[in-house]
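Each remark here refers to the structure printed beneath this line.
Naming follows writing order (A, B, C and D), and every chain is counted from residue 1.
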Amino acid sequence: MPINKIVAGFDEAVADIPDGATIMIGGFGTVASTPTCLLEALARKGVKNITTVSNTTGFGSDVWRLLGYKFSEDMDVLVRNGLVKKAIVAAPVSTVYQNNFEKLLRAGKVEAEMVPQGTLAERIRAAKAGLGGVYVPTGVGTIVEKGKEKKVINGKTYLLELPITADFALIKAHKGDRWGNLVYRRTSRTFNATMAGAAKVTIAEVDEIVELGQLDPETVVTPGIYVDRVIARPKDVKVDDRPISQEALDSQAKTKARGSA
Amino acid sequence: MPINKIVAGFDEAVADIPDGATIMIGGFGTVASTPTCLLEALARKGVKNITTVSNTTGFGSDVWRLLGYKFSEDMDVLVRNGLVKKAIVAAPVSTVYQNNFEKLLRAGKVEAEMVPQGTLAERIRAAKAGLGGVYVPTGVGTIVEKGKEKKVINGKTYLLELPITADFALIKAHKGDRWGNLVYRRTSRTFNATMAGAAKVTIAEVDEIVELGQLDPETVVTPGIYVDRVIARPKDVKVDDRPISQEALDSQAKTKARGSA
Amino acid sequence: MSDKFKDKFRLDRQTMALRVAKEFQDGDYVNLGIGIPVLASNYVPAGREVVFHSENGVLGFGQVHTAGEGDPDFVNAGGQAVTIIPGTCFFDHHESFSIVRGRHLDISVMGGLQVSEKGDLANWLVPERQIGTIGGAMDLAVGARKLIIAMNHVTKDNQPRIVKKCSYELTAVECVKLVVTDIAVIEVTKKGMVLKEIAPTWTLEEVQELTEPKLIVAPDCKEIEL
Amino acid sequence: MSDKFKDKFRLDRQTMALRVAKEFQDGDYVNLGIGIPVLASNYVPAGREVVFHSENGVLGFGQVHTAGEGDPDFVNAGGQAVTIIPGTCFFDHHESFSIVRGRHLDISVMGGLQVSEKGDLANWLVPERQIGTIGGAMDLAVGARKLIIAMNHVTKDNQPRIVKKCSYELTAVECVKLVVTDIAVIEVTKKGMVLKEIAPTWTLEEVQELTEPKLIVAPDCKEIEL
């Protein structure tokens, strides 16, 4: 049988993700690099008590719709539906906006394990690459070193950081083929390419599915071996006309003033 | 001043490599993936007592000329000129051919530190990525574990492997620009792309230098930040008509019989 | 601490960014944090070519688009859409932080909350907020060859941000090389903190009064040059 | 050990490769070592799609060119020029071994010198040569989900290669799952070595005589099916 990793529907793509699963969510925090439709499917399914691994905890659809995005949901769709038990994350809260994760965190309803961004990437890669752990200089002498083995190697102090594994990785790519080969667009590789292959099952949401052989072998970023399922975003998405919250409007104003998103 | 990493001559490119230097040599072992002209320049300079880091120790020009290669020298040009003190290497000897390195090794005139190929790649990457060390499962229960720290992590035994650093990395790429951005051809990435940025100074020998902006940003494999010097191979190379040794002819026959190079 | 200096001249954000940019040398690879640092990209000294890195996976990018324009798939670490220039290249997150952690960046510029005499940095947790965000700050602080902090000299309550020992949660120890504030430029050296430049109208004594550790005045200490 | 079996039928290299290839399941990612293993790529069972990995940085490649032809920049780990097929992709060496070490490969097939009862493998150093080459063998042995060894059942001196304990330098411990020899197919299980198939004309007793550990005969032990 020809290998065929292409899945027809988003609900089908996430059907076997159980309550209590650990789930990597790709992207950097910008919605353009986020597997929006997979997250929405997960929210529809209502998986409970999940542990997430991601760079941010989501800003919410409002913030992105204000900027004109049609695919506008991010990790917030899981958070605000109360599905997240714990987040392993580099940036749990925003400096310009109190997101739903921060509200739940302050209310003691979610747990956060904060990991420096580069260490997060390296721990995820360690899982993919079959390493038992890596020694990083990041975090020495800070709150991050608590409970971790310290070792001096060639006169410099390092912390032992262990691999972060997961049951599923949900990632966003630009194009994919039936073998799971993926290319990305510009800065949307980020944690998407890093997480591909680091979980037991990797599911890629793509803008477009192409025939095997249409991706230039020199340009493939994620080899198909790291990917288990590929699913295309719908071409047409209906306009989301839910009202935009005052908080999101305020945050936009603040962001503009500061010169950051 | 515009950044310009392009160097005009091969002798100039290696002029500051001193005796006793540790030098990474890119490629897999095939001459097509080898920085031939840089190695020839190094041999002309006659740097002594060098430590090399590479996948193989070279098969010699004869073997490659027999197969029709115009750029035919590999690490053997350093070995047979007596410039190598020690090789850190995955495949020190060949199963089909007694190369010059094996002869010198058997005569006690060179030293070899054998490293499993994947561990070699990971230790080189560790140097590039600023890691203090990595725990690998490879080599546990074998000769490779001698003298190394063993650690059980999540029930599995790993060896601590330390970064391999070097003074220079000599690599071969396909195209490069004045910022040092590089692309490769097909399976010629190998240790070339892995070593780029892992040494204090990385020197890339390329088939062609292109104007900045001519490499598609999506296809750049080695970001220019990892590369210090770029030098183009001559377009025309004079035919090397040195006689081919009987050993090389024998090895070709053996290789054909076995179905491997 | 008194607010007796509250009406004195201070460098504005753009001017601090301008001063920071003077540190960029020809060919430097530079990462700029959110806030004042990112403004420095507008002030690269004429004739110098500098390559900017952003931790979300790009080296070499051009100007920031105005909000709502540009390609949502091409942003800097602050989420602003930026432009492709000749030489741009993209990579994934673990490669991006190999570049950071592996000491390949010449300069990282970040905002700060406190900098200690030894160059310890605290910049991720405002104690009153209780919850902060580390992001890529710790990696950049340990990884960049030269870490420059751009921050106001004192807090809103006129407390010194340049201190003997940081009281806030640390980002990294002994990492800061240069501090550019709204009233001074201070270098962190093994001998101590060296006052290199002061803002117009300020005296050495006034700067010292707003600085906890004893400053060593550089022999060539001068007014901030822009 | 006696050479009383020296005139008996034995599977040739191509036939051993054919038997190995029967292990390839639909969609498997497979790495083939130099020698008999690489021949198995010619015998993928009809209707099954298998993707080959080569440690020099490629997934998905087609047939081997005859010597002197093909692209010198596209070779397998044995240095043979191979062809691009739809789905081919390239990567560098540390990515290639992330694939290997990270247990992403379904099957690795290698040659062997000795395999122990517990599945220890020795295949990189012929003691008489004193110097051997590890290459990628140790990584593949620990990394592949299923390690298959293809080798002759005995040495040239009729010594068993399937032994209680390896006397040669090890490649990895407890890694071999299946051994395909010129006279038998043996599975390594927690209970011991299970004889699954034997070559035509051979008896169970004869195979046992050339095998050091006591073999468990599978209830469905049969003649090698090709």
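What we mean here is this: a contact is a pair of C-beta atoms (placed from the backbone, for glycine too) under 8 Å apart; a residue touches a chain by one contact, two chains touch by 3 or more.
Owing to the predicted nature of the structure, the values given are computational and were not obtained by experimental measurement.
Undergrad: Check every other chain and keep only those touching both chain A and chain B; list them.
TA: C, D
Undergrad: Which other chains touch chain A while also touching chain C?
TA: Output, common partners of chain A and chain C: B.
Undergrad: Averaging only over C-alpha atoms, locate the centres of chain B and chain D and give their separation in whole Å.
TA: Centre-to-centre distance between chain B and chain D: 28 Å.
Undergrad: Find the geometric centre of each of chain B and chain C from their Cα atoms only, then give the gap between the two centres in Å, rounded to an integer.
TA: Their C-alpha centroids are separated by 39 Å.
Undergrad: Between chain C and chain D, what is the gap in Å from one C-alpha centre to the other?
TA: It comes to 57 Å between the two C-alpha centres.
Undergrad: At least two partner chains per residue is the criterion; list those residues in chain D.
TA: Expected reply: 84, 90-91, 94, 97, 100-101, 143.
Undergrad: Could you list the positions in chain A whose residues touch two or more of the other chains?
TA: In chain A, 122, 125, 129-131, 136-137, 185-186, 217-218 touch at least two other chains.
Undergrad: Once you've mapped the touching chain pairs, tell me: line, ring, star, complete or other?
TA: other
Undergrad: Would you please name all pairs of chains that touch?
TA: A-B, A-C, A-D, B-C, B-D
Undergrad: Which positions of chain D touch chain A when the two form their complex?
TA: Chain D residues touching chain A: 26-27, 29, 47-49, 51, 53, 59-60, 84-91, 94-95, 97-105, 143.
Undergrad: Which residues of chain A touch chain C in the complex?
TA: For chain A paired with chain C, touching residues are 28-33, 55, 67-69, 90-95, 102, 105-106, 114-119, 121-122, 124-125, 136-144, 174, 184-194, 221, 256, 258-261.
Undergrad: In the complex formed with chain A, which residues of chain B make contact?
TA: Contact set of chain B toward chain A: 122, 126, 129-137, 151, 153-154, 156, 158, 162, 183-186, 216-219.
Undergrad: Using the touch rule from the top, collect the residues of chain B that touch chain C in their complex.
TA: Residues 1-3, 125, 127-131, 177, 179, 181, 197, 211-213, 215, 217-218, 220, 223-226.
Undergrad: Per the contact definition, I'd like the list of chain C residues that touch chain A in the complex.
TA: Against chain A, the touching part of chain C is residues 34-35, 38-39, 54-58, 64, 67-68, 71-75, 77-80, 84, 90-94, 96-97, 100-101, 120, 130-139, 142-143, 169-173.
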